[in-house]
């Protein structure tokens, strides 16, 4: 039995949930699962419909992008996943152990509008404390060089620059921490999200889609809607995260 | 057998209906059921997915917020429920015997926009005779003091002040009666609704979501849409409520 | 066996389809079926949820509004149905043998906006050749006199006046023919539709909801969207209706 | 057994998927499948509900519009399909072997708005490299001459003129290649899409509906949203199409 069996199972289970959560039509989304000890991730094969997927079809790729197990082509977005695992994790800190990319409708709409999703309410603040940052369009040079890899670099660069590096230049320039901001939009393209495992990446992908939907509706009611005050953002985030979190059951986090 | 068994069953049945009515993703909503004789309410445990819930998991809490039965942590919103049961009921009049809080999409959009939902039509007037009132954001002091408890106080205070106490200061200042206005929005957060039992609270939560959706669409067609004339509001409400109500079957109210 | 059995069956079958077509939550809609020979109609009982309905529960009412068979209260909207059957049918011409009233979301939005649904495209023109007309609000006098009966009169009056009698006074004043325009909106309230039997009334209710939805989206793309040219309206209508209709199979109309 | 059996089976399978993909209510859509060797296409019979359809009900029509097999009337849109098969295919090049026409909600909204769907993002660019072109309204002369046939001619004429021939005159005038641009809108009416077989036509119909929906939402967020830069459009299209395509599995295209 493959030593990657459980990693492939984890990736598979999250991939087949993509259409059940309404996050993609046809094959328009993929999830990967990362094992820091083995330094590989398992990812959806390219172009295979979800109902046909089996756990054994998952493709195992190392951090140089080399396939180490699997007969099928990995997702064409594999280099983007690779860059995020490589650059958002360190030896000491590996917050990114699962990644999702989809073309979910409302998150794509914000991406196409080249706008970060404003933090309008507590549904959003329960998950991240900033706008969902949106990159500018990828440059011509980057597209011509290595498109999917540079898409990863573009996200990483935005996290280094902070919100000043986003498409709509909202907010200040402090770097974003991928352990805290677990979702991003690529301008003109669509959403990426991540988390401590593949299931949490999927969860964050669904959160982003719902938050994106609520934000469009909020602007339809009140184009001048304001950002949630910082003291409420902070409170809601700490309800769910950090040492004094009190949401949920003990040990279930 | 627990003396709270039927109360827990009532709360459980309404909680598991939340996702069936499309009112929450994941664990983003909770219902409680109140027994005025025992002066306790049964509420959803925090962070437990609906499909995993059992009636025996419901947590029984008294009006001081003390858990009197149950092994799990109650919903983190428990103090908000407690305040509403305490302040909206009296010895003689206990209109609030069930409460729902969700992050349903359209009601959240109005909350995030900090706008009360205008009374545009008879679907709304069949249930309440005013705009669905929206509180301002909670103050920094209140958030730092006791967030969930103060969220309850904010709603109660708005009912005392009437619509003049809402985020968008619409209408006059006569106090709102929680027996008649069985729903409210918290600015930047989301909806609360209540009723004569947990099932009616759930019903009012679903009504609020649909009325919120219709109101957004109405504004998209006609940004100058007017409030329904008072004489129609009054008529529709009296079709369903009060001594001369003639909607439904005898004894089914 | 009741001589109304087949009429009740027809009404029942259309009522239980209301939630399947997404046209109403809870009990917010009703269909009736009319028999011109017996001069009675069968209608949903008031406030009974669709899953609980049985054909034998349908209430049979004559054109004076008197219950001639049935133990339950008829829908509170019964007098509106009665007026439409009475005033839109004659001895020689009985185009209205089924009526539906719901609170379907998009049709209600247009009603609440007090706007007739513009005829933007062929989906609409396949069914009616005018805007879907919307009445003004019912007057105070009418509401205080006999609310549901006067709602019927308001629709009838609008058909006599033609589109000049609608809330937004669009178009000219030629009377509308209920045999051709089989749907209407009541300002601040919601949709009514009808047809040659209960199933066709239900169909027209679903058409109206979809056309109402398409029209909102059309305005979001192009607030200056124009009405479909008259020569296309006419062509599309004649594809499906009248002596030279060529849509569908022979004898299936 | 009919020599058209497999063609009818192909058309049938795509037709019954129309409602499953949410592309039409009732009978408001049809798919055909074309066999260039036999020079015929199989198409849905007119007005038959999808659940009642059998493969043997499909009607086989030649390129003069003559029924060569089948007892039922073919779709009233048959002449439009015929024109597209005739004019978009040549002896050497037959890119159009399946066609779909529906009244899917969001694509109809763009048609009714008489606007081509702008190319805002990569979801769109993965499939076509231009706006989804929308024809002007059909002229009075064309409608009076032969409505459905002239609808086909209108689409063909727009492809010859390029985007300068669209309703909103967006972009330049280079002719469009139906092998690359596999979808179009008819002003005031609705969408047509095609592909290398009936299943691919259906797929393109679903793509168009989703792209149309994303584009409306994009404009709601940012009415000034820009077109995706040409170098990204080009890259995304070449990921999936042409000699160096690398999306999917070998031989699965």
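Per-chain residue numbering starts at 1, and chain names A, B, C and D are given in the order in which the chains are listed.
Here is the rule we use: a contact is a pair of C-beta atoms (placed from the backbone, for glycine too) under 8 Å apart; a residue touches a chain by one contact, two chains touch by 3 or more.
These numbers were taken from a predicted model, which means no experiment stands behind them.
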Chain whose average C-alpha position is farthest from subunit A's own: C
Same vs different contact residues, subunit B with subunit C, by half of numbers used: different
CA centroid of subunit A to CA centroid of subunit C, Å: 47
Gap in Å, rounded to a whole number, between the CA centres of subunit B and subunit A: 34
Junction residues of subunit D, two or more chains touched: 220
Graph class of chain-chain contacts, one of line, ring, star, complete, other: ring
Of all residues in subunit C, those that touch subunit D in their complex: 120-123, 203, 206-207, 210, 213-215, 217-218, 220-222, 225-226, 228-229, 231-232, 235, 239, 246-250, 252
Residue ranges of subunit B touching subunit A (in the complex, touch as defined): 25-26, 28, 45-48, 72-73, 76, 103, 105-106, 108-115, 137-138, 140, 143-144, 147, 188-190, 216, 219-220
